[in-house]
Amino acid sequence: MTIDFAIILIPFIMAALILLFNKQLRKKYLGWIVLIIPVSLFLILTTYIPRIANGETYTHTYEWIPAFNLNFTTYIDGLSLILSLLITGVGSLVILYSIFYLSMKESLHHFYCYLLLFMGAMLGVVFSDNLMVLYAFWELTSVSSFLLIAFWHHRKASRAGARKSMTITVSGGVSMLTGFLMLYVMSGTFSIREIIANVEKISEHSLFIPALILILLGAFTKSAQFPFHIWLPDAMEAPTPVSAYLHSATMVKAGIYLVARFTPVFGGEMVWFWTVTGVGLITLFWGSFNAVRQTDLKAILAFSTVSQLGLIMSLLGLGSVAVHLGYSADTVIYTQATFAALFHLINHSTFKGALFMMVGIVDHEIGTRDIRRLGGLMSIMPFTFTIAVIGSFSMAGLPPFNGFLSKEMFFAATVKILQLDVFSIESTGILIPLIAWVASILTFVYCIIIVNRTFLGKIKPDIQEKNPHEAPLGMLISPFILITLVIAIFFFPNLLGEYILKPAMASVYPTFPSAAEMTPHISAWHGFNIELLMTIGVIVLGIVLYRLLKYWKKIYRIFPQNWTLNAIYERVITTSENVSESITNRYMNGKLTHYFIYIYISFVVIVAGTFVALDAFSWNPRLDAPVETYELLLVFIMIFTAIGLVFAKSRITSVLLNGVLGYSVAFFFVIFRAPDLALTQLVVESVTTALFLICFKHLGALKPEPSSKRVKVSNGVISILVGATVTLIGLAVVNYEKFETISTYFENSYELAGGKNIVNTILGDFRAFDTMLEVVVLFIAGLGVYTLINLKAAKKEGADIENK
Amino acid sequence: MLNVKEILEWIAVLSVLLASIISMISAFGMIRLPDVYTRSHAATKSSTMAVLACLSGAFIYFWVHDGYVSVRLILGIVFVFITAPVSGHLVTRAAYRARVPLAEGSGDDALKPVLFGDEQTSPTITADNVDKHE
Amino acid sequence: MKETILLLALTFFMIAIGLLLYRSIVGPTMPDRAIALDTIGVNIISAIAIVSIILSTTAFLEAILILGILAFIGTIAFSKYIERGVIVERKGDS
Amino acid sequence: MESLIMILVGILASVGTYLILSRNIIRVILGTAIYSHAVHLLILTMGGLKKGDVPILSQSEGPFTDALPQALILTAIVISFATTALLLVLAYRTYKTNGSDDFHELREMPDE
Amino acid sequence: MKINDVILRTVVKGVIFIILTLGVYLFFSGHNAPGGGFIGGLVLGSAIVLLYITYDLETVHKKMPFDFKKVAALGVLLATGTAVGSILFDAPFLSQTDGYFNIPILGEKHLTTVTIFEAGVALTVIGTLVTIILSIGEDE
Amino acid sequence: MNNLIVLPLIIPIITAVVLVFLRDQIVLQRIISFVTMGFVCIVSFILLNIVQTEGIIRLDFSGWMPPFGILFVADSFSLLLVLTSSIVTLICLLYAFSMMGQRYEKMFFYPFVLFLVAGVNGSFLTGDIFNLFVCFEVMLLASYVLVAFGGGKRQLRESLKYVLINVVASWMFLVALAFLYGSVKTLNMAHIAQRVAEVGQDPLITTVAILFLIVFSLKAGLLLFFWLPGSYSVPPTVVQALFAALLTKVGIYALIRTFTLMFPLQQEVTHTIIGIMAGLTIIAGCMGALAGRDVYTIATYNVIIGTGFILIGLAVGTESAMAGAIYYLIHDIVAKALLFLLIGMMIYLTGETVVKKMSGLIQIYPIFGWIYFILMLALAGIPPFSGFIGKVLIGQGAIEAHSYILLALGFASSIIVLYSLLRIFLASFFGETTISPEDKKPIPKGAYTSFILLAISIIYLGIGAESIAVYVKDAAETLMNPSIYIDAILKG
């Protein structure tokens, strides 16, 4: 077993071990033991950095279901390495943080188990080369995040949030699966590498665009892109370490990863460019716009996450244009958007992780996250304040923090794209930098809100009473490491660029010859250009807007409450439940008669419909055997008897009439040369009639049908149609004489089976098996009658285990 | 010309025809006669006669035509002969015990006081409500 | 000729059965029906005999006997039902 | 003859269907009984009617009428008898426990 | 009040033998003439039902103390047993054999395993028929 | 000739009859029925492997050559189903041992179950269309008794409906058989296939095929599922599980067999109709599952969705879709059995059927809860559990055949399945527990064992899908090339 396979597997094994040895492990040490896993994984992964930076990739295949091309192929390249480092790195910090955050009363083993499951699943997502395996891990992340979000499942909101995230992300997953399958059908392989290598062959296929859209849907739901972002704020019901982990660094980044991964496949398409960029920008704006109005710190962060993910997404969209243009010295410049995206991916994980942990600390120590009740914490919690300031400023895009660098690059990319005249950018392209800029202003506003409302101003009295204090050291370690990174990256961004981002660029643009060319030198000062102007504008306007917040906050009320996306989502669900219920209850009304009507109508429509549509009818009465008078009489007797049955008013009459029918059938058997049948029919009919009499005696009197005339007529029509269908097909079949019957064989019964009664030899020898089973049927019926009569419903004091 | 075999076959066939006519008559009797007791005469007596004639005809026919002496037919004749009166008896008795009224003009019913006592006022079961009574 | 007569006889039996059927539907009392059905059974016996002659086969003669038996059992059961309301008595020394 | 029997079968099927569509248990069960009569005749017709002699070797030299449908019908008769017996008892028990033999009323009855 | 059944019972005593004979006859004649295990069983079963009708449950039960469910089960066992038996002789399932056996007193007879199979059928039919009638009868 | 093939049918029958004699020895009954089913499992597994090496094997009863006699045909498809259903029955028996109650067990419960299994196995194995009818009836008669087992008010009512609808379905089956015999004059399925191919499946034969479609749809719950929700929610839990696992599957099997072997030539007619019916089934099933307020409704409509989903595989009709349908069929047998067992246990523990009235079960019965969770994922087709591979293959087949509507419906249904089952999970398993410590009933060991075994099967069928892939591929290949089957029967 190679290391890359082990990396995925170890978290799962550990999760299982935790569950198995839950009783033996002391709760105190559980977290520390678990911590070993991500830390060691992280360290192992760092050893890959230099080798990957040299342009190496690692592939290993383990057979899973080779019969259907489902193989466990791991593939490590620059892109997956970035993500895996984030997963294990942030994972270590989050576990370290949660050791101090979670109280000993919680069911910690569950928590760590889910967390490890999630970690393993995420690693699986980024390391899988096989689409189906990727999908498997993808869904596993949804499932494990569901468990994490519902960790406090006694809370209704937790359950609701978990349900929402599960429903939305799994739906996206299913659509992604469909897209994957389309890719498979087009390319004949599940391997992403092979698909990328053969992209020209499939790009003309009619399924190419549908596959693109379906896969994007998967990515958008996972990465909380508009309008699927609604699950993310609700998912904040999870314990804060979970939010810090899932919603800053890992799960939501899976969608980003997917888009980056598939850029080489779909990047050349205009649909891809506009969908990814457009949705990204809308999300960016919508997230920041909504973040401003939130009062819960965690909700602000949730929307800010949504917004930042939109930013990264739009960058990836902008970068994809390079794929379309193909490699040339002029087009390389457009890859910088992707570079910025990857860069911001890392930056966002650092500052957002820190911010979430900061909120966790506030919540943990103060007991509330509502900014209306907070304020002035700066003096009480100076360290936490530092974290908040650095994190927020980085998010707002201020120097000297890493957010500044990536934000500048973002602006640069949006502006640069305007120079192109593909994809009809020239007409609407101006919107791109505009939206980006507006959204950044709003980002700036909510960053200020986070810092100001929480830490500045006066301490609210009810908080003062609780005697709040700074968090314990343990809880501060993780955010401080992240904060350090925020600053360190600002000062040494090119280290990151050279060792980590460059190989990733190579995997996003495999057709471009030189990764180094696509790796710009990042510098904090890059001249006095339009990006910088935009940033200055952001700061100025941001401050102004913050000051004027109470004046323009009214615009949030323009949107009616019941037309928010959340409300629409809820409404769709409740409506569909209610509509389903009313429709289902309407036709599934428990009335047997109605069920029969449905069945007969289907019978007539489908069978007779086919019969008529295919024009299968034929009739040739001349082939018929002659009819004698007495036979005709018998037929009339039967018809009259049958019709008499419909109008019979007493039980006895009906039963007797049925008996008459049976006897007439027996007589037909006589006429049609079937002695055995006649005998059997006579006896069976008599016995049946007797049974009818015995049983019907216990049933109520035969009342006239209480149905209305209309019902009777419609029933009559259905009945006649059924009868007509049978007759017509029967007539056609009677005249169908293309084959010799196999029964001539049985006429040698004496030589073959030693019997002269052909029917009986068929029953006793040729088809004895039917007879044997028929005996069994009879026996079951006899035993069943006995059981039905003797097994009465249990009385209340019945000693049954299952009382129904 | 007519030989013995032919004659016997004709006898068989004619007895069958006779049987069918008797049966028709008995059926008309079933329709026309006024109450269950009289109808049972039509049914048990003439129908039995009919079936006996018919079966005998069939017996003769098979005997003459195929040289086949059918024990089953004889058995059948015997069986019908034994059981027809019994079943006729039982049904009529049951009818009486179920208080099916006699047709008008049947004369005195001497059994009634013996069997049911003097309950003159007891509700007799009319023809219409027998079913409902079940 | 013989065949025609037999068919005629068969037709007569059918008519008789039809008439009896009318009686068994109309009733008006249970015993009427029982008698009518018994007679129908007997007539079918005759009819089967005739068909056997026409087809010149002895294969149906068992049916005659069986029908006789069934008509008998049926009538007994019926009359018992009319008389006592049950067909099989649980216990009784009557 | 075949056409006649087909029409008869159709009429029996119609009557059976009509009875099955009624609300009363008795009528529904009778409907199923008529159904079985209809289908037995139908199967028999499928082998051709009156096309040969009684399928007993000692009785004739042939040609014989198709014996296979007869064997099938025999099996079908037994099975339908078994089913009917069970159905009748079930109906009877249902009526005893629920106190109604009208399917619409049965539906509305409270549980237990 | 008691209802006199003398006529019925007297006749039935005679008739029952005719029925039983017929039943046995039908059972054995099955291979060459109409009849067979099923119909034979039905006739025999009807004979027993006739007894139940003319007498009553308890009286008949004293004379014939069988559990008819087990009779039926025995029948199924016989029928399936002959079928399975062929497996033991490495013949296809359900294979029937026949042969002429020289039995003392009766002389040479044609015997087939089909007869055992049919006997199973007949027993099942009898058992089931009576079980059904009795179950319903006893429930009243 | 290979007499082993008949054992999955005959052994349960004989045992069932023997158990009738052992009515009062309940422990003995349990042991015997368990051993019997174990034996059947082993036999079917051996057979499955024989088929891999020797190709399709058959057993001509009494030695009569097809098409004249009746025969059992064992190919990978039927044997896979025999094996799965036998294993599931075996596990369900474990549940029954601890949950059934002596009063029921004395009333021939085990014989009826064994008869049911015999009928099911017979239906899977037979190669004669009329014999299929007879095997159906064996199964149905047993099911008629089992569905009314207990005799409660509502139970009897629903049983009556169930029986009546099935009686009508059986009648239609006979009508279809009559027409089939009337047109092709033979009953052996391979021979029918051959003769149908000779005339190129002309319109009349297609009409007959459609009639069979209606018949088997009634059994499988394809569009004509009206009997299903009511009757599957009344019998004792084990019976429900067996019904959900086996009965509809037999109908599905018959549909697949009929339309791949006997009437495969007019796909633009037959498969279009099947596709439409499958689509409508899924829609109706999803609506029912969404509407469900109580666990039974949700579970029964899930059965319906499952049927629709499998038959998408048939309607699509490519080889991968067929393989997917087989995979999904096997998965569905196991998963639906487990679903009903779990739901029965929930009701037993809480005394409620309404989802919202239960709460917090997972706190008291953690393993029980997690098994439900895994099952939920499996039913929604989430990897790596059993439903996944079938779903993928059916989806792949649908894309290959350009049946995008069916694809969309099928995949959307898996979300609804997840949603409906998630609702149960969140409401009933999560949350504060409502059961007070005094009322806490233990889950009997036998029941737990059966849950765990079925859960293991679900996981194994997903992760270890490769181990049965060879059988499934063979089965799908045989289904797609009916000549393999026909030649195995009629040549030699």
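First chain written, first letter: the chains are A, B, C, D, E and F, and each begins at residue 1.
Throughout what follows, a residue touches a chain if its C-beta (ideal position, glycine included) is under 8 Å from a C-beta of that chain, and two chains touch if they have at least 3 such contacts.
Protein identities per chain, from UniProt: A = Na+/H+ antiporter subunit A; C = Na(+)/H(+) antiporter subunit F1; D = Na(+)/H(+) antiporter subunit C; E = Na(+)/H(+) antiporter subunit B; F = Na+/H+ antiporter subunit D.
Owing to the predicted nature of the structure, the values given are computational and were not obtained by experimental measurement.
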item: Chain labels contacting chain D and also chain E; value: A, C, F
item: Furthest chain, CA centroid comparison against chain E; value: A
item: Selected interface, C-D versus A-C, where C-beta contact pairs are more numerous; value: A-C
item: Chain ID, smallest distance between chain and overall C-alpha centroids; value: F
item: Chain B and chain F (Na+/H+ antiporter subunit D): spacing of chain centres that average the CA atoms, whole Å; value: 57
item: Whole-Å gap between the CA centroids of chain D and chain F (Na+/H+ antiporter subunit D); value: 28
item: Inter-chain centre distance, chain B versus chain D - centres from mean C-alpha coordinates, in Å; value: 31
item: Chain A (Na+/H+ antiporter subunit A) and chain B: spacing of chain centres that average the CA atoms, whole Å; value: 79
item: For chain B, residues contacting two or more additional chains; value: 75, 79, 83, 86, 90, 97, 131, 134
item: Numbers and ranges of chain D residues touching at least 2 other chains; value: 20, 25, 28-29, 42, 45-47, 53-54, 56-58, 68, 74-75, 78-79, 82-83, 85-86, 89-93, 97, 103, 107
item: Touching two or more other chains - residue numbers and ranges from chain C; value: 10-11, 13, 15, 17, 27, 30, 55, 57-60, 62-63, 65-66, 69-70, 72-73, 76-78, 80, 83, 87
item: Contact footprint of chain B on chain E as seen in their complex; value: 3, 7-8, 11, 14-15, 18, 22
item: Residues of chain D defined as touching chain A (Na+/H+ antiporter subunit A) within the complex; value: 1-15, 17-30, 33-34, 37-38, 40-42, 44-58, 62, 64-68, 70-71, 73-75, 77-79, 81-86, 88-93, 95-97, 100-104, 107
item: Complex contacts: residues of chain A (Na+/H+ antiporter subunit A) adjacent to chain D; value: 589-593, 596-597, 600, 619, 621, 623-627, 631-632, 635, 638-639, 642-643, 645-646, 651, 654-655, 658, 661-662, 665, 668-669, 671-677, 680-681, 684, 687-688, 691-692, 695-696, 698-700, 702-703, 705-707, 715-716, 718-720, 722-724, 726-728, 730-731, 733-734, 741-743, 746-747, 749-750, 756-759, 762-763, 766-767, 770-771, 774, 777-778, 780-782, 784-785, 788-789, 793
item: For the chain F (Na+/H+ antiporter subunit D) and chain E complex, residues of the former touching the latter; value: 1, 3, 6, 10, 13-14, 17-18, 20-21, 59-63
item: Chain E-touching residues of chain D, taken from the complex the two chains share; value: 56-58, 74, 78, 82, 85, 89, 92
